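This report concerns only the one structure given below.
For reference, chains read A, B, C, D and E in written order, and residue numbers begin at 1 within each chain.
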């Protein structure tokens, strides 16, 4: 079962899906679910053929554990959010094209993770970029997919420059070999490091390049947002992994001066990651649209992943990789649940929603578990990875980055709780009276993802074993697992025991609660309002500008977006100047320029 | 009977004959274009003498691999353009036939003065064709700039004749290195300005906006892909194999072409009309191609010309159809036009994406070669500019595509009802041709080895030794 | 003020232009004899293919071109491809002009011309015709040839237009003449290709330099060019006189 | 000396194109330029006390000091091209005048591309 | 993970509850004394709790109950993990981050049930509580981070053990004075004592999240409050004030620390929530960072005495 057959089958299935969805959209959408399931199984079977080389016409591939790990995460996210496709077929202008692009971008990601040479990596990367650009445009705003394309284009073009520079210096395009040629020149290594990493940073949504993330995730079609923030953000992490493992950044910059023990260039990128955590958290707390809020949380978590991977040691690297999985699953679940709410009520604006728990209890519990993991609270997966990252940072003594990490994790309590209380809890508006629970088809992905979060949370051994494999492959010290406890330099974590003790505590509380007298059921409107009789549920529901005091504190920070707009206006001015200078209806202007050119050349030639 | 002279003579003969017969001009034109394309595939590299007199005295037609690619490309594109807009030809069949003869003459001739005459034929045909848009003041501007340019070019050739004593390109190329750069400065400069007009380099491309912006579905692709392509091939032939450039001159010309490239792209970024975006982007691309020729990367330049010329053909035909059917090509008022004619949309999108260099399209292969070529030549500044401009180009192309594909205001999910009212953009035949040509872009981009084999079949183009991207070379240790 | 600025600008440019030109050519001195490397030596001695040092008027038989006027030998024989291109240029501009303003078939009203012009035109018209035909038939002997001859014919028709306000040249016939002359020229070239292996090859015997039927295809070609140029220029003139069609 | 004069003619033509707004004047100055270039071409082939390149009874041998014939052939072509361009230019000018009622290019510039 | 661990856990739970409730009882008398009155009996706190548990109460839906149970469950789990003077129910499970993040489960449960009650006062209270947490937690976490870096271990009992032996000089609060100050101030924030208790302000937002609670829900809240106080005070005690060598010493230090905090908080006004955030992000944050840099770069305070 070589990797090429997997790619070919996926390609064939996606074409079949396109043809089917031309005939009947809904059936085509179901085909996307089937195809992603088939890919998941095929990829899983590839587990034991790691290290196999494969090549077809222009592309060469190499099956690595890290590639397998990333693509498994990606396919899981694609598979689970495919379940929503059938319900959005009517809402899109080009449903058939949507199904095709959905699967082609999946092929793009998988191909990219297993790429062996730069050209394959770049080609699959660009396929993902332009397919997702055309998907995002089917959502609410064209501007966001335009900004998305421009920022990714900046990233990928700069990376192409780095790739070609390395190809010129080393003579070979193979990723693992090409970077060794840089050991000689430190200056060249510096240029290549920053330029190569740029595409990754723009895709994860690190500070200066995070501009597109809230716009694109916020306004993409609801069924593609989980893929965007759960899956596609991870492609950037892969580039960060390459820059640390294949590029061997630590050896290349061992000579340059170090800050707190980390070589300067890597430290700069980590500071960028820290800033994006802070910016992501602050902006997430302010948002009123649930999807934009979750998008900003992806910016913040992207920062965690980047810091984890860049530290490239036993602890933080494992934390980063684990956070990658737990964030992918948690944010995919969160987006799916918000999509279901949007499907039922038509809006994701928190100020317009409320009391969904009464109508959609299952969706509520799934969302609760997802945000527990996203905020990094113990029994769920998010905690384990944050714990590892924080321990890693403590090992290295990186104070400022740790401060940003703490701000991120505490801040995440705030912004994850906001949708919980504004959308699900509180008063149910009369207009949402006839909202029904999510249909069976929608509940399947929710259950799968919740079980996955719980599993990672309580038994992280499954994932950490694979991460240990990756660490061995990358040549760094592996994470040590004794039974179910993670043994680390300054501490030990046995997640199963934490879960059991929490269960024990919960049991005691439950026993006390049941022993006491039953309490009388009262409607939500019957609350203590200190003699102010309010009869309209909307007024009694506190959901708009939830963190008003905090928002007053953080007046709008300098929005980076209009930095991009300033640049584009500047380009337009130059363009206008060029057009008015040279192409005017009077020929005299052109003749004038001919004389000027003649003069310049003559003076240039003579001197 | 694969004598290249026939490529020039047959259209000319048909032109004269069609004046006599006076009716069914369209079919004679189609016949001429068909014969030419078939013939183009049969000619082989080599030299044919006209009138039996050896080159320095007589005129000869030189067919190198570089010219062969040019001839095949331009003739087949002419065939496509004519087939696609056969209904608009009307009275212009004679002019088009003569223009075809002029274009083939420009590509094939090995004599400087002969090149001047064939350039005149093509340019005059272009003046007449550009008059069909009834914007006579633009045509007059074009005529005046064109004639000033050709006068300068003529002066340049005569100076070369005075210095070297012969008009044949190979002969002149042999004698020029013996002369001092001071003597050579003025003739090369004059020739550069003369050719620059046709190649649309910035200071002398004042006429382009007026002429291209109002051309219809037949004339626009004719100008943008066929005449532009020929001018670029001629520029390449002249400045790579004939005129020796001193380094200060190379630097000056390089600065000018990069300036054209940058200003062209920026101006395209600003435009609102589809055709104006495309024409400024073609000015920009012309700047880049001249920069490639000047720095000796002929293979990369040829691939870029092919990718540019083919995608411009499709895009200008469809842009022409916009004005034809919707009377405007401002892409804001055309929002969602592709909702109704999807296949045309797909062809337009493939061509547009090939221009921005999305992988698996020939545009990407061209960009790859440009980067490898510049790095090999040790020039690290130009690739940076090329990549930045690709971003700008990608920006305005995507903005254009999004406006055309997804109707509806910001913040609204785009629905079919927001799109502009339903009209059939191109006839079924034209849509099919557009799609097939677009597929050529894809095939050209994926099967890279076959493309490079077809374009070079072994010999380096015009002696350009710099490496170009072949899959086998990049495979690394298997 | 603008005029002054442009004036200074142009003067400065002229000085610079002249200095630049003087680098590559000497503005004031001319060379005494043709430099050896120059290609024209072969034209003069007609020694491009056959090597002959000296051509004597009325004596050398079947030289390369056989035409006494060396410029004509260049125009029609050595570089006849240029002339073919040249003729197409004129053909193209004639077609263009006719397309643009010649499409309507009614003429602009012309005033009645003066008595002297009307009578003089009647006398001069045939004289011009005869001189024109003489010029383009004797192209290979004396100076002149297809182009000046053709324009002479056209000016004769112009004279008629000026003189007689009701005169209308037969446009259609001129067009057919135009087409057939052009086709004749190309057919000669093609026969040269079939017979001699090169396009526009001089396959007829060139005879002795100097007498009328001497230099192969040159007179034939020059006659066709003369007719072609004459008809083209006449058409251009007549289309200028045509009414404006507001299409 | 003739070369200097021809180049000056060229520059006068260039000045003409640069300053006029009227199209007819522009075409006339284009003609002056063409004239300048043609005279220059002839002057390139000039040989002091050379003879016209025409074998006649008096100058019967090809060894006599002929003037360079090639430029004269080129001038022939260049003059005809000049004719072609001028006739086309005038045709366009007439059409423009009929459509916009003026020969002044700048006036039309105002009505951008209606 | 034997049954004995669970039994020890239950014992700690019970001991913690009884010990802390008596301390609260005493402190209610101390507060009264400050306000020139005698104050209730020392076991008044027990009576209030058991009275509340006996009364019947209303419920606003299943999330209202589930939230309260989850809150108390989480807090009980955290208490089990707290090392008291070297005695731990579950050996080497007392990692600082586990404790601080398990605490968050309790907070989340309470917040969920408060928001579930549908009363706007509750939601405002929750939003203030979370903002308050953001305020006090960052400086505290930075100082704890410095401790972990200094002592190369994140387990609370080991840090407490390292401070033994030198008497008062061994305390971290003395070795890292700035860190000690920050921890002490953060304790006020954690406990929700006077200057930072805007999220349960009785007058402004009708005691915030607890507005809808009555009967056994109120009883749960009291137990929850007691246990959280125990966790927070013992955490700061272990980390900064040397933790007790024996249980008795631990109890005395604990009582003194808690009463000190209570006394100070009686005379404090109440910060608005954004003033609290501004307060914490000015002086305490700067102190924490200085302390961090000092420890990381200069290494003082780690082994300054021996």
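Everything that follows uses one rule, which is that a contact is a pair of C-beta atoms (placed from the backbone, for glycine too) under 8 Å apart; a residue touches a chain by one contact, two chains touch by 3 or more.
Every value quoted in this text rests on a predicted model; they were computed, and no experiment measured them.
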### Query
Which groups of chains are still linked by touch once chain A is set aside?
B, C, D | E
### Path length in the contact graph (chain C to chain E, fewest steps)
2
## Note on the structure
Max Cα-centre separation from chain B goes to chain E
### Task
Consider the two chain pairs B-C and A-C; indicate the one with the greater count of contacting C-beta pairs.
B-C
### Query
Centre-to-centre on C-alpha atoms, which chain is most distant from chain A?
C
### Query
How big is the gap, in whole Å, between where the Cα atoms of chain B centre and where those of chain C centre?
33
### Query
If you average the Cα atoms of chain C and of chain D to get two centres, how far apart are those centres in Å?
15
### Task
Determine the centre-to-centre distance between chain A and chain E, using the mean Cα coordinates as centres, and give it in whole Å.
35
### Task
Calculate how many whole Å lie between the centre of chain A and the centre of chain D, each centre taken as the average of the chain's C-alpha atoms.
69
### Query
Using the touch rule from the top of the page, what residues of chain E touch 2 or more other chains?
none
### Query
Of all the residues in chain B, which ones touch at least 2 other chains?
113, 117, 120, 124, 127-128, 131, 137, 140-141, 144, 148, 162, 167, 182, 185-186, 210
### Query
Considering chain A alone, which of its residues make contact with at least two other chains?
584-587, 591, 595, 598, 602, 606
#### Entry: Chains touching one another, given as label pairs in label order
A-B, A-C, A-D, A-E, B-C, B-D, C-D
### Summary
In the complex, chain A touches chain C at residues 595, 598-599, 602, 606
## Note on the structure
Contacts from chain E onto chain A in the complex sit at residues 1, 6, 9-10, 13, 53-63, 65, 68-70, 72-77, 80-81, 90, 92-93, 95, 97-98, 101-102, 104-105, 107-108, 111-112, 115-121, 123-124, 126-128, 130-131, 133-134, 137-138, 141-142, 145-146, 148-149, 152-155, 206, 211-212, 215-217, 219-220, 272-274, 277-278, 289, 292-293, 296
## Note on the structure
In the complex, the residues of chain D that touch chain A are 14, 17-19, 21, 26, 105-106, 108-109
### chain B partner contacts - residues on chain A that touch it in the complex
53, 55, 57-58, 60, 91-94, 117, 119, 122-123, 126-127, 130, 133-134, 137-143, 145-146, 149-150, 153-154, 157-158, 160-161, 164-165, 167-168, 172-174, 177, 219, 221, 568, 571-572, 574-576, 578-579, 582-587, 589-591, 593-594, 596-598, 600-602, 604-607
### Message
Please output the residues of chain A touching chain D within their complex, sorted ascending.
### Response
584-588, 591-592, 595
